Amino acid sequence: MSTKNTATLLITCPDQKGIVAGIADFLYQHSANILHADQHQDAENNLFLMRVEWDLTGAALNNENFADKFSPLAKRFDMQWQLKLSQKRPQVAIMVSQYDHCLADLLHRYQSGELACDIALIISNHLDCQRLAEFYGVPFHHIVVNKENKAQAEAEQFKLFDAYNIDLIVLARYMQILSPAFVERYPQRIINIHHSFLPAFIGARPYHRAFERGVKLIGATSHYVTEVLDEGPIIEQDIVRISHRDQVEDLIQKGRDLERIVLSRAVRWHIENRILLYANKTVIFD
Amino acid sequence: MSTKNTATLLITCPDQKGIVAGIADFLYQHSANILHADQHQDAENNLFLMRVEWDLTGAALNNENFADKFSPLAKRFDMQWQLKLSQKRPQVAIMVSQYDHCLADLLHRYQSGELACDIALIISNHLDCQRLAEFYGVPFHHIVVNKENKAQAEAEQFKLFDAYNIDLIVLARYMQILSPAFVERYPQRIINIHHSFLPAFIGARPYHRAFERGVKLIGATSHYVTEVLDEGPIIEQDIVRISHRDQVEDLIQKGRDLERIVLSRAVRWHIENRILLYANKTVIFD
Amino acid sequence: MSTKNTATLLITCPDQKGIVAGIADFLYQHSANILHADQHQDAENNLFLMRVEWDLTGAALNNENFADKFSPLAKRFDMQWQLKLSQKRPQVAIMVSQYDHCLADLLHRYQSGELACDIALIISNHLDCQRLAEFYGVPFHHIVVNKENKAQAEAEQFKLFDAYNIDLIVLARYMQILSPAFVERYPQRIINIHHSFLPAFIGARPYHRAFERGVKLIGATSHYVTEVLDEGPIIEQDIVRISHRDQVEDLIQKGRDLERIVLSRAVRWHIENRILLYANKTVIFD
Amino acid sequence: MSTKNTATLLITCPDQKGIVAGIADFLYQHSANILHADQHQDAENNLFLMRVEWDLTGAALNNENFADKFSPLAKRFDMQWQLKLSQKRPQVAIMVSQYDHCLADLLHRYQSGELACDIALIISNHLDCQRLAEFYGVPFHHIVVNKENKAQAEAEQFKLFDAYNIDLIVLARYMQILSPAFVERYPQRIINIHHSFLPAFIGARPYHRAFERGVKLIGATSHYVTEVLDEGPIIEQDIVRISHRDQVEDLIQKGRDLERIVLSRAVRWHIENRILLYANKTVIFD
């Protein structure tokens, strides 16, 4: 992991001629050395989406002056945009219940330098993962959730997110349904892992239902959380083959490997500003 | 393709001690050289399922005397069984509409000797595939189907199936819904290809719906046809990765490769007597 | 298949600031509506590679005036470039021996409109595929090749390639080694399918060697042909899982499905001008 | 993880009629309730291979009397056999250098109950993994290896393997080549993970060589260690797709996910007595 010093710009705007020329010229005028650029046109929705990353070394563009300098172009093309700096590491909170495989995986990747973020905080409604959190030196907060105290528990969670300046919330097999207020508060900032290839087996006990249906493949799906359960924009999916020899426990065990990988990819892409949303879909700039 | 001379026995019965010993001893007593044997126990349903294939050369068991000799054992263990001979090639009918990719694929495999059956007959509600059928020398019957004549059209189809002694009906993208009477007449003898990873996108236009949902994988599923649409026992599934760059047409095109392979595997396994059904699931003895 | 009217520009040049701005501005000045643009930087080799496709309708750029107009920019950045028009369909020759599965697959895709080219010619050292060629209405030329007549046979082949203005030669399981003179004559214009995941099992009988080695996956590789056997730039690879139950014939049969798909992808990408070569590697602009 | 109480018998012998009948009858006579049975015939080598697992509860067969009772049958068919009891957990040693991803993965699976063994011991030539070992409560031994002390270091290792009654040695990215004496001492008891799809990229730096060759897939291979480097019987392989956008570091990062999964499958299958070796190949009874 080099500590690179780059800026990443994500843009969405109505498609028209001259956008790429405008952006490329703007960056060239400001001595920005483009490292990666990728774009996507959605003809049906007449949308232009772009990701461009440049080296900040020697560039006459920085976090302070960018908005001022870029705003004429942004206005001309009616752009929505975000600028992210590689050196401002996103602050991530992980929420988890008792199953610790996704948490353990994310923490190991974090420690290995695979994730360019700070895992600032772990919140759990159980105590099972506390020791693991301590091993990796991440603050662990135990907040019990039940039918009676849900609003209060979420208020406590919000307070922690504020205190830690959390940019992204990862539900690493967190077995509680978030309230609409929670979801609304963090738009496009909550990533969940669902243990099926959505839209198959929405809801509870997907492995059991996959077993009963007799499918030959099981899957996992990472997605942004929106108000409707398991209906948010899909970020990544993968599958593994099963056979009649596999019992439900085997599905659960094979599925764990999928969940780990599919969730970790989503988190990494989000952190690296590779994801743009539109029309309940994601564009992944790889 | 060697013209092998073997018998395959498929057995389903309640699980208990002594079944394998009973069968193995029976075959040994009749000088049958076992080539392959595979079994599966379903603990939940207390079921024993087995496939055993032996060389008929030198065996004191043949199509004529098998039932007589085997019946004491079958009674003792309350078995349901079927015996299939490799030299009695199953007679297959293919039903197709306008998309010819699955048909072309099956015909090419058939000609290459990959499918140990006779493709005896092609029935279509369109004329598009007639030339292809002729190229491969397979009789082609054009039976128009519409809302008014459905029962009559199916009666005509039944007559053809009878005339050709059809053992298996393959729906190779046949875009008509079969009547309950049709389905009931050929239990576990109709294989369909559905262009999604079931149970996702049951019903019409699965690629369009997959595109709208923004999935990252598309799939195809081959299954036996039962009375409920797309709910029959799944035989095989496979998927391919897509991205935001893929439009609906790209999904359709990538999907064709899946459909071909997933349908052809199901047909081959059926023909080679590798499939046992129970509880709306399949056991595939590979 | 819409008959689209677009131009595709492929560029390779040393990387430096301002390239994207230069190209985007050039296209904007000439009223070209960019449909797709993708680029790649190879930091190690300091290379910039780009593919950009625009709508020719209304653009002040066409095949006649492009070179003149673009040359100042091309010189400034020391570019190598090619311009391809979607309406000038590449002329493709397929060479094949006895195995017809890749040929049958390509012809079916061609007929379905999946390949935006003309399959102008089939050359074979056997007669097995003649009937198939005739069915699809493609001229078939039988040229026997043996140790004695190789140079003469190739001279005949060259004559045919010239007569048909062939742009691309596809070796669809053509079981003859091309002479260095042949390969040199068609640089980056010969695509081969090798039935292993290169660089494993270079050379003859890869399935037999895969079986002997006891691998758990078999593969196929499509690549450009260069002077060294099976060492050319890889375009596409894929694999399928096998087990101890699979005999060599099963590997060959499973491999056919891979070969078809892996070869067809390479042909389609080449035809759609999605491939750029550098350093014995390919960039696939998808 | 239930603590099941079963016995697993692995058999290899020359193929002939009556083997299955003999074994099934033997188990039936001794009231063994067969839970799983699978067999494989290798026609080319005239070999019969079988795995059969039965419930020890109520069976008149146990570890003490099995050899006596089974030996007449074993002699009659010239069998090589091993009996393993689920309640005698294999003792496993893991050897590791600095990369800890495979170790962390195995330890997490072990703790989750996914591996029916005891990880008795970790040996490393570095200190990096010590903390991780302690977290999971596994004894950690630091044994420095260099050119001068190799024999002495291995002698120390042997002493530890003896002290801990080690049944299986797992090389979890252990970056030292074992001496022939080491390999010979533990036949079919050392599992290694190699970070390529063997036989491609045997030896050092496979990801770098994969990058240079421009492959479109990278792989990982777990295998038993034999005297010739990377030539031992392959247990499992898997691959992941890469593109021109992936640099060597991306290959290494994507490869880590493969290595973890491919190694863990091999370890689990070995521990569950699912692997039989013959002719430098493995049969995996799944």
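The letters A, B, C and D name the chains in turn, as written, and every chain counts its residues from 1.
Just so we're on the same page, a residue touches a chain if its C-beta (ideal position, glycine included) is under 8 Å from a C-beta of that chain, and two chains touch if they have at least 3 such contacts.
Being a predicted model, the structure only gives us computed values, none of them experimental.
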Relative to chain C, chain with the most remote C-alpha centre: D
B-C or B-D - the one linked by more C-beta pairs in contact: B-D
Centroid spacing, where centroids are CA-atom means, of chain B and chain C in whole angstrom: 36
Cα-centroid distance, chain C relative to chain D, in whole angstrom: 42
In chain C, residues with contacts to at least two other chains: 243, 245
List of chain C residues in touch with chain A within their complex: 17-18, 20-21, 23-25, 27-28, 31-39, 41, 241
Of all residues in chain D, those that touch chain A in their complex: 101, 104, 108, 112, 114, 135, 243, 245, 253, 257, 261, 286
Contact footprint of chain B on chain A as seen in their complex: 40, 43, 197-201, 213-217, 219, 233-239, 243-245, 247, 279-284
